[in-house]
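Which chain is which? They are A, B, C and D, in the order written, and residues in each are numbered from 1.
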Amino acid sequence: MESGFLPRTRFQTLLDALHRAGYRCVGPRVRDGAIVYDTLTRAEELPRGMRDRQAPGRYRLEQTGNPRFFSWANGPQALKPFVFAPQEPLWRSERNASGEIRFAEISPPAERLAIIGVRACDLAALRLQDRHFQEGVVADSHYAARRRNLILIAVHCTHPADTCFCVSTGDGPRATQDFDLALSELDDGYLVQAGSEPGRELAAQLTLTRATAAQREAAAREIEESAKSQTRRLPSRQLRDALFANLEHPRWNDVAERCLSCGNCTAVCPTCFCHSEAEEPTLAGDHSRHLRLWDSCFTQGHSYIHGLTIRADTRTRYRQWLTHKLGSWHDQYGRSGCVGCGRCIAWCPVGIDITEEAAAICGGGTHG
Amino acid sequence: MADPHVPHEAEVVERIQESPTIFTLRLRFTDPARHAAFRFEPGQFNMLYLYGVGEIPISIVSDPRDEHLFDHTIRVVGRVTKGFTQLKAGDRLGVRGPYGRGWPLRRAKGRDVMVVTGGLGCAPVVSVINYVIRRRDDFRRLVIMQGVKHSDDLIWRSQYSLWSRQRDTQVLVAADAGAALWPWHIGRVTELFDRVLIDAARAVVMMCGPEGMMRVAIDNLLHKGVPEDGIYLSMERSMQCAVGLCGHCQYGGKFACKDGPVFAYPEVKPLFGIRGF
Amino acid sequence: MNNARPRIAVHKFASCDGCQLAFLNLGEDLLALAQAVEIVHFAEAGPVDPDAAVDIAFIEGSISTPEDAERVRRVRANSRYLVTVGACATSGGLQALRNFADAREWLAAIYAKPEYIQSLATSTPISSHVKVDLELWGCPVSGRQLLAATRSLLFAVPPWYEKDKVCLECKRHQNVCVMVAKGAPCLGPVTRAGCGALCPAFRRDCYACYGPAENPNAESLARRFEGLGLMPEAVARRFLFINGAAPAFAEAGLKRRGKPHD
Amino acid sequence: MTEKREIPIHVPVLARVEGEGTLELRVRDGTIEELRLRIFEPPRMFEKLLEGRDYAEVPDMVARICGICPVAYQMSAVHAIESLFGAQPGPWVRDMRRLFYCGEWIQSHSLHIHMLAAPDFLGSASIVEMARGHAAEVRRGLKLQALGNDIIRLLGARSVHPVGARVGGFHRAPARAQADALREKLAAALPEAEALVRWTAALDLPADEQDFTAVSLRHPREYPMNEGRLVSSRGLDIAVSEFESRFVEHQEAHSTALHSLLDGQPYLVGPLARLNLNFDRLPSPVRTLADSLDVKFPSRNMYHSIVARALEIVVAMREAIRILEAYEEPVSAYVGVSPRAGAGYGCTEAPRGILWQRYDIDATGKIAAARIVPPTSQNQARMEADLRSSLQSLGTQQGEAALRRRGERVIRNYDPCISCATHFLDLRVRELKHG
């Protein structure tokens, strides 16, 4: 449901409304040569006119002079670090002199967070993470506490990168679910669309003008063109069966030659959920913290069981990543684990391209 | 919301040394209400936390009806298990659980039960044997099969002798190499399958041990006419959280912690035996 | 005083003292450490008793003289658990570059004064001389590593050690990858974690001071560096650095140096 | 104890010095006949290792010469290389380098005072023992040491072998908020640093006037750290690039460390030399503090080194606070440089005194030759002279234990850093190469 038009000159009113409602705003900002999510207090801090150039293993920013704030495709971060923290303590234990142990949960800081500029692929990924962390046999209280406190301001994607392929996974470029507000960015401002009750309340606080038919058409056209501009895609076959039918394909050896087994792909992937746990006792030994840390199926510890590493080589690790991401996710969550954001392609230090590997193993071209 | 990650304090009531590297901890939650409410099924496991060192999955080996205490039999293999060897009666640790899907004992009722283990012997299936023997009338034949590398590796030797004297019970033990006075078969455990006497079509087989051994056993059992869905196996995978979140125990689309650790063979068949899963 | 406290020693071989400083920079934890253990030999901090029997010996520095090779054997004989700290003790350190740098010069010199060459030709890690129970990588090691290892030993369990790659730590810190975003020849993908991904956090490429990670694909990374425009000699220098004598790095580096080496 | 005709004294491993060395002396008929400060650390041949490396790798390499003063090695190196390349990093980089150095002085001096030197004056064998009777002072020392480390970390990510410095400046500029937070911590701790000065001056320090030549940098306005001319208490005043014309290193058979002499004579570098030569450059509050003490500078008593160190901690704290107060995030934390062939010279004031370096670089930026003269080898000859006279005046009849205690104490005044002293290429190796 569309609420109206917000001129770019009044973008600050959106931030102000969120601040008034007690949210810390986090939005796209340029840091260290990339667009990352960071605290946002003023609209001027947004990456006006910034455009990214992405390719396998490569990401560069350039200034185009364009007045828009959101004319870029996703940077390295997704929503994942805001709900599933890269490293956090889960609980602590204390042992007294008589040997009794007391346990206490360490709760994540209860901070209300508004994230601005979220893309469709990341919303789809969030849905998957919600299913994993909140809708299984137990709900993860740390994830849930963060998730509860989120308000999401989406922006329909009009500037996909060369690495993007959300169209082929069906997850973008238009945001269709799980946002509170969604914006369409035009040359002079934003069409504002509410997707939830908090979103409607927020929209009501902005002085929006009525959107014209021409604005609506322009917005729709931009999203359509954005979809058309994507050249990468995953093979359209049912990849689950194709992958598991090709577990001994020679391509696994080929990719293992190139793959560094560094885990960058899993770390930037917005749906990857693997983590390890570690214990951090004080030197005095009077108390100890139990942490969880992002892990990856590319580490040795991931498949280590007392004396045996199930996936000791890169071939089996890469195969685990791909067969899980594009294959066994279907068994677990009824769909593929890939939302087409392209991060694992751009942020792989050696530029390994998931669409290319999938095509080589399962057949089917990667460029449309 | 209760945090599913946080352990609860338990106390070691008794410690039994089973062999030089295997010991059993008999535990009780220090909170009486928690202890009273604790229920589990054979084949389920707990996460045991050693203060300041770490948390590991360990099967519960005692009988679910024994409400007095719950037991864990631990083999020393690495840092946490090594640390646990120091615990003695009165010491505290953390426990959370029970987790996972246990053995199909309800399904096995009224049928022949066969238990197959390999390697150094598997605590989880010992609990099944004890379970069946305590409820001997609920089950038909009991076949216990165990293969070890060397006869010295067999622990609970006296128990095997004891079991072999039970009615309707067949104990088949094989060692690849044996020392003097070894009463059982010398050779590969697979050679024993010919001697197994069971109603193959209706039998329920439960196995745990090295996956290579299980692979061979499955082939032999299928050959004998045991249906695929009559075979159950316990899959060991790395586990950090035990509640289906950490992703370490994935086996294809399954999470060993919540969909297993006990699986019916057809559930794992597509990947079983493929190196790397 | 509690007599059951484990006795520890800190020994120095060829090194810069930086790893010992990880002890001296512990602050309040240094006093806590002195409570938890009995420090029987640590020349830089006071106690001198190099031949005392100890529970844990921490060794800094590499072996580059026959006397030191002899001394480290004595240390081994006197200690129950031996821990190497730092790049020098664990891989031979930066000074181990001499092991390949002047191979031909050294060879020529051998005939003139063999005993002299023997004493200076190589810098080798402790593990080339005696059995090592735990290796703590890093140039320098951090206080956190020392405390964690000591705490584990106090709990009487084998210490846990890092083997994952710096990239994982880098991403946990949410740094922007310098290789992808700047084209910097970062060694993070083959280097052991534990430092906290300090270099990428400072917008520069990791130079592998924590040594090789498990399963390092140095060859693929070296090819990538060439793709970024580095000449083979520059690629070689990336690998032949602080931990250049670690086999995984030496191989990728020497291959590009193009000098026959044996 | 009865007088022996000949007493060989061998202190196997010197306790509480940076690195490992031994002291050997032979006494005959009450006279010290032979005295050797034997440094047996194996040489690590850094100058050789540097050959063929790229100039940009130098800061990370030379840091590894010494874990206690890596900043000093990095600073002398970047100055040497930039002077050759004609790079002008500008005022921001200049300030940050001074800040960086302040961190190292605070860290190194606090460590030396509390862990190495003070136990001598309080009759303890180590800081751990000292902590029992002097808990508050030890805590204060650890806190100051940690603050020094915090400063280094702000610019270098870690305090030992920091990763932030590069030729041309720094890899990354600290965020304003980090700078503010650190400034507050330093300001809050300043009174404690001043209390430390008064505490050191009140220690029972032996009276022992000696005649020595002091050498340090001297800057037109500032207390010297990164820049200045080389001056001495006997009128030397030369540019850093002229060092080799007056200072000559030679090898003593008994040690793997080189001895450096100024015009053929031993000389002193380090905090006491620096303070003696630059007392007029102290910021006025520090001068007021110094003037209020019973210990007066310039001083000819080597035992006053500990007070000089404490005063330099205050100098560095005030300087750091001043720099952080004016802190602004720069557009870029470094300037680009282009290699040029030739020789570059750099000399900065390491905590233990001047650290001089020379690099011969080719047109592609590769190091053709390197020469590094660390403070400890410069103090080596002076240390032996001091030991000889101190032990002689103590009286060799005092017995072995007393001689040994006094010897260690004398050595600690110089805070010798043995790792630094033995970084260089052994002369004998050079012989072999040409032979």
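In the analysis below, a residue touches a chain if its C-beta (ideal position, glycine included) is under 8 Å from a C-beta of that chain, and two chains touch if they have at least 3 such contacts.
Keep in mind that this is a model prediction, so the values were computed, not measured.
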Interface with more contacting C-beta pairs, comparing A-C to B-C: A-C
From chain D, the most remote chain by mean C-alpha position: B
Separation of chain A from chain C, taking each centre as the mean of its C-alpha atoms, in whole Å: 37
Cα-centroid distance, chain B relative to chain D, in whole angstrom: 64
Centroid distance [mean C-alpha coordinates] between chain C and chain B, Å: 42
Averaged-CA centre spacing for the pair chain D and chain A, given as whole angstrom: 50
Shared interface positions of chain D, touching two or more other chains: none
Junction residues of chain A - those touching two or more other chains: 278, 281, 285, 295, 301
Residues of chain C whose C-beta touches two or more other chains: 151, 155, 160, 203
Interchain contacts (touch definition) - all pairs: A-B, A-C, B-C, C-D
Chain A contact footprint on chain C (complex, rising order): 29, 32-33, 35-36, 147-148, 150-151, 154-155, 160, 163-165, 167-168, 171-183, 186, 188-190, 203, 214-217, 220-221, 223-224
Residues of chain D that touch chain C when the two form their complex: 12-20, 40-46, 48-49, 52-54, 57, 60-61, 64-68, 70, 107, 111, 115, 119, 125-129, 131, 138-139, 142-143, 145-146, 149, 156-161, 163-164, 166, 171-172, 417, 419, 426, 428-429, 432-433, 435
Residues of chain C touching chain B in the complex: 151-152, 155-160
Of chain B, residues touching chain A in the complex: 1-9, 30, 49, 51-55, 77-78, 81, 90-94, 236-238, 240-241, 243-248, 250, 252-255, 258, 270-271, 274-277
Residue numbers on chain A that touch chain C, as the complex places them: 31-34, 36, 57-60, 75-77, 81, 86-87, 257-264, 267-268, 278, 280-285, 293-296, 299-301, 312-314, 346-350
